Amino acid sequence: MTDMDRTRLYRNGVLEAEGFPIDDVSDHVGDKSAVVWFDLCSPTAADLGKISEELGLHQLAVEDALHSHQRPKLDSYDTHLFITAYGAKMVDRSLDLIELSIFVTKNALVTVRENPGFDIDEVVRRWDANPEMVKYGVPYLLHGLLDYVVDGYFDVLQTMDDRVEALEDDLFADDPGDRVHIQRLTYEMRKTLVRFRRLAVPMREIVGSLLRRSVEMLDPALTPYYQDVYDHTLRAAEWTDSLRELVGNVREAHINQQGFRLNDIMKRITSWAAIIAVPTMITGYYGQNVPYPGFGQSIGFWTSTLAILVASSILYTIFKKKGWL
Amino acid sequence: MTDMDRTRLYRNGVLEAEGFPIDDVSDHVGDKSAVVWFDLCSPTAADLGKISEELGLHQLAVEDALHSHQRPKLDSYDTHLFITAYGAKMVDRSLDLIELSIFVTKNALVTVRENPGFDIDEVVRRWDANPEMVKYGVPYLLHGLLDYVVDGYFDVLQTMDDRVEALEDDLFADDPGDRVHIQRLTYEMRKTLVRFRRLAVPMREIVGSLLRRSVEMLDPALTPYYQDVYDHTLRAAEWTDSLRELVGNVREAHINQQGFRLNDIMKRITSWAAIIAVPTMITGYYGQNVPYPGFGQSIGFWTSTLAILVASSILYTIFKKKGWL
Amino acid sequence: MTDMDRTRLYRNGVLEAEGFPIDDVSDHVGDKSAVVWFDLCSPTAADLGKISEELGLHQLAVEDALHSHQRPKLDSYDTHLFITAYGAKMVDRSLDLIELSIFVTKNALVTVRENPGFDIDEVVRRWDANPEMVKYGVPYLLHGLLDYVVDGYFDVLQTMDDRVEALEDDLFADDPGDRVHIQRLTYEMRKTLVRFRRLAVPMREIVGSLLRRSVEMLDPALTPYYQDVYDHTLRAAEWTDSLRELVGNVREAHINQQGFRLNDIMKRITSWAAIIAVPTMITGYYGQNVPYPGFGQSIGFWTSTLAILVASSILYTIFKKKGWL
Amino acid sequence: MTDMDRTRLYRNGVLEAEGFPIDDVSDHVGDKSAVVWFDLCSPTAADLGKISEELGLHQLAVEDALHSHQRPKLDSYDTHLFITAYGAKMVDRSLDLIELSIFVTKNALVTVRENPGFDIDEVVRRWDANPEMVKYGVPYLLHGLLDYVVDGYFDVLQTMDDRVEALEDDLFADDPGDRVHIQRLTYEMRKTLVRFRRLAVPMREIVGSLLRRSVEMLDPALTPYYQDVYDHTLRAAEWTDSLRELVGNVREAHINQQGFRLNDIMKRITSWAAIIAVPTMITGYYGQNVPYPGFGQSIGFWTSTLAILVASSILYTIFKKKGWL
Amino acid sequence: MTDMDRTRLYRNGVLEAEGFPIDDVSDHVGDKSAVVWFDLCSPTAADLGKISEELGLHQLAVEDALHSHQRPKLDSYDTHLFITAYGAKMVDRSLDLIELSIFVTKNALVTVRENPGFDIDEVVRRWDANPEMVKYGVPYLLHGLLDYVVDGYFDVLQTMDDRVEALEDDLFADDPGDRVHIQRLTYEMRKTLVRFRRLAVPMREIVGSLLRRSVEMLDPALTPYYQDVYDHTLRAAEWTDSLRELVGNVREAHINQQGFRLNDIMKRITSWAAIIAVPTMITGYYGQNVPYPGFGQSIGFWTSTLAILVASSILYTIFKKKGWL
């Protein structure tokens, strides 16, 4: 057991003890009037083994909790449920995902965090905010936990949404220097959304599945609360899909712009090349070693210079009018 | 309570009172023969708290009504339904969405508008247009409200549709200046459609769900009315998808055009570059300080000038024939 | 009532009267042994009002029939069905859609055409082609009508299909002039398909829904006929999707071609630019006012001319071999 | 009746007669212990009319068999099933589809081939390969027919698959000449796959539907055989979708290559243009009619020539290093 | 029988014999208390025929096991199940798929491997790791086999995932040489994913189907184990889809980069071309054979040289500022 582990004991809807050693697990588990919560942060097989034995957790679920990189899922065993979920937050520009394994028995909730990055204290704060709800026992505690996880998804999605807005500003910025990073950023955002989608969206099924079995498991008073979390997971999934489309929209507009700009550059090249090439041809003409009119005479100099100025001016005016310069 | 709030009391299908203070809520709520409507515009928690207490509204629904940015949804609670919907209208080129929270009990309808942008007066006008229907009570009032919301979606979609048509005219306009904004406009329209879709399309499920529970809740005479709104939501969803495709069509045609134009420009560059480069080469030849035939003689001048004119004419004719100029 | 309106009265499977005034509606409607058909072409509210009253049509359905731009749908009312459908035909290169509202009661069929563009005479011809079927009453008449509508879809799809084939011929034509309109045509076809899809494909649901309720409504002998129309709507929907893909295929191949051609043009530019630039450089060299070998001498002229010819020939051969010219 | 028509009579699982005239149809149809098979190749309405009358085939099904271009489907009539299917084979580079109409009654199988391209002899060979199965009657014969049709789809898919592999080899071939046809070939393959998909994939539903009604219709011993054909239709559908993706993959890689090559060509242009332009500028400098250092002197010739060689070498080295040449 | 074939006999959950000849099959098959396993590596029809006769395997299943290139599937026969699955591993850059046919009867498991590439020893090691589970008989053995197959999919997916990461590093590498292979690699990865998807994803249905029939077939204690494999197949399918998207993301970013780079190159061309063309024009001017100011005078040399230096510097500064050089 590490310093980061947390324990709590509720009896008849009231917090009775907190922070007692996990090793005391057997004192409380048998007691039907008690609700216990154990939180373990990156536990060893031995740590988890003790609890799993006392609570009768299934070997496969315990193994899943010890090995990371499971997919989000809800498994039903004879005596308990097992949930794998992912907490998510944005750290700078990258998505930080923390695996969370949850064992749910009638009287006990066991949470196993992959690392301390998941802020379990905030979950506790939420539980304590509605002390009158604690009487609903484990399902209430589980709701608080899932609610916090899904709220984290909204923070991630809001950050991504803001970033898409920022990208859009860059996209139509006057200074082309602002557009340099659009390609890399859209690439990263799409990648992040693919990863996020894979881990956050299955939460919809998990909460939906909990809701459907609510008839047997939950006090009816809790149904709206689970419905609420479920609505949030739905909204998160829809939002993720919208973001994908918005990022795609930015990406395509950016590519579109490049094509536009390429056309623009090509027009300028043509125009300036012509404006320079025509006088060059004229000077070439007057550079010939043949007795053209004005060869070696002042009149030649004036006609050549005039021809250069007139040709350049005409071309410049034409291209300016066409909007090519 | 603000000046913008509205109240109404119907008894036995007849409007009995209007504009009474919301604080009188307790006078009417207990009365089974009465149907009351309260409309609150951006209420405080206290405003809504009073009504929610009298009508027995669920805490979670009340919180949702006070916090904006919910997804459109229909939640069933023991004693009432709770609907979150969005009114939509186009203001200039941007989509204006106004959140609307609706509580539906047996004898009362409570509407909570996010801001005064939602034109509740028009809803009242619709209710008053069919006074004989008022006897169906709350479901009729709710129908009038939803009908108005969905009609607003058609206005938005019609505006978008017109805009797509306008874009198309620009797309094939002769003046390339008309095409400059196509890229930005298609970008904006796609973005608007993604946002609109996310908030308007779920209305289909909401109205469909109301329709399915019509057996227990609604007078059979109202079923066709709800069916009608449902048909409209279906059509709005299909229209939204069509618009997406049409905007995509414009976008792709525009990109396609750019490629076409780039090819066109490249051909012109080649052609004019050749027409200028060949005479330049000829003058270079006659500019050499070696005794080529005609060096320093009139015949040289004539052959050079002739060569330039002939070469230019031939090239010009070739390129003209190929359609490159 | 206009000249375009049609009426018919069948009794015991035999045509008894035709072309009687719609105002005589009350003479026939009450008669259980009679089957009546009224056809109205862009009727006024009053025209339709009379019939709707006699037949007990629902107010909402009547309003839908008077307002155009409904989505294709099948609404069930207590005493009748209401169908909105669209007749389709190609007029030149644009899709002509004519709204058709159909009221179906036990003994009467009312068809309301948006405008005379829908060829109701052809429907009548089909009815008359199988006089022995008339005994099945309204469902048979309705079948003939729907069958004609769906056959019209096949004509439209066949026209589109031929056009895609023609596009393909243009795509791989030797004369690039044939390719100029591909972009615009694919754009138009995609747009037409999106519109067509939105109005024709829902027919699948409508006929499917009629088929499912066939147990109660239809004589079993008619089931295969409705099944047949349903198969046609399925095939129309699949065909529409295939056409979309085929048009997309043409579009992408066309864009692909442009890229190919751009590469080709770039290669030619490089090649010709090089063939002209190298001799220009040589003449520049011999144009210097420095005593290079051959300066002012015949030998200079010959070496210069030889250098130009040799360099040009070598470059031309190289580029020809590379397939760049 | 044509020479191509085939007939067979089985009694008690043994082939009793073969090749008797179709006109003898009435001799065998009434006999419950007999199983008859009639095969007609592009029959006239009269040919089919006789059989249809004897077997009591539905008018609509008979019409479908006479008109080509039906969609693959399974229709149930009171006394028989009607199946429309398509045999497929690759003839050179184009897909050859042959419509096949099948009537299935209790004791008779009627196959109507659009043209002789469908190899009915091979079907007969398959029937004869397992003579002990003939006792299962019509369902066994039908299985043999469908099995042959679906096997034909695999041949088509295998040919397409080989062609995709060949395309891939061309794609990464060193000789760019091999790549010229990729665009056209991918275009054709996509088109073929769209057509094939539309006609072959619905077979999945048809066989699946036959399998589901197996309880009533089939001897349980035949179920695995129909399951087997169904597995094949599933695999054909999945394979078709994979091929679409693989062709799309080739197409996109090819476009990608073009972009790559364009960039490559542009770099070469820049490089060679620079290598030629710089010496040209130098010769221009020494061609001026002003007393620059070395004007008219040997030293001028040497400095000019040296400048040209040095500048060209430096540029060549730079570009070579950058990998632009 | 070859040296590679394996056999095992368990009785009452204990391994009794191993490596006995397959020809002894009849000794063990009749014995209800025994569980036998036969493993055949690329057997002949005769090898398999003997076993199939003893175990009463269906002819169709045996044929499927002998012919390769089946689709992954689960077929139910009266007396046994038949499963076709594919083991997968990455060998260098290509995907190696090994077909595996599995017959499952009450007391026997027969595995048929296409070639020795499938490591059956590892499956045996897994079985032996949990000797106490052997009492569950054939379903346990089957679970161990499927678990190993699906674990192999994860190895393949992990390898692909690492490769996508590596591609990404190349994508944003500073050295453009690293980007040369991106196109080919993304092409190959997409192709591999299409193939992998087609053979690995159907495993989801197979294991799901086994799980659903678990009620009758499996000891309830085994349900979580099958659930576990099913979760893995779900995750493998989702991972495959994510990888597709990630590869698509890389591909599109790469194309995007090319466009960016093309624009960049075009800007450089313009800039350098201008910097060289302007001095060339000036020298042309001073090369004219007309008495321009400074003709044949020192002042002419100085003004020409100054003009060249000033013009070049100005252009260089302008382009540098615009970021074009």
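Note that the chains are named A, B, C, D and E in the order they appear, and that numbering of residues resets to 1 at the start of each chain.
FYI, a contact is a pair of C-beta atoms (placed from the backbone, for glycine too) under 8 Å apart; a residue touches a chain by one contact, two chains touch by 3 or more.
All values derive from a computational prediction rather than experimental measurement.
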| item | value |
| --- | --- |
| Required steps from subunit A to subunit C (each step between touching chains, minimum) | 2 |
| Subunit E and subunit A - chains in contact with each | none |
| For subunit C placed onto subunit D, the superposition rotation in degrees, Cα atoms, nearest 5 | 70 |
| Distance between the centres, which are taken as Cα means, of subunit E and subunit D, whole angstrom | 26 |
| Geometric centre distance via CA averages, subunit D-subunit A, whole Å | 41 |
| Subunit B: positions in contact with at least two other chains | 255, 259, 262, 266, 269, 273, 277, 280, 284, 287-289, 295 |
| Running round the ring (origin subunit D, first step to subunit E), the chains in order | D, E, A, B, C |
| Subunit A contact footprint on subunit E (complex, rising order) | 168, 171-172, 224-225, 227-228, 231, 234-235, 238-239, 242, 245-246, 249, 252-253, 256-257, 259-260, 262-263, 266-267, 269-270, 273-274, 277-278, 280-281, 284-285, 287-292, 295, 323 |
| Subunit A partner contacts - residues on subunit B that touch it in the complex | 58, 60-61, 64, 70-71, 73, 75, 77, 176-177, 183-184, 186-187, 190-191, 194-195, 197-198, 251, 254-255, 258-259, 261-262, 265-266, 268-269, 272-273, 276-277, 279-280, 283-284, 286-289, 294-298, 300-301, 304-305, 308 |
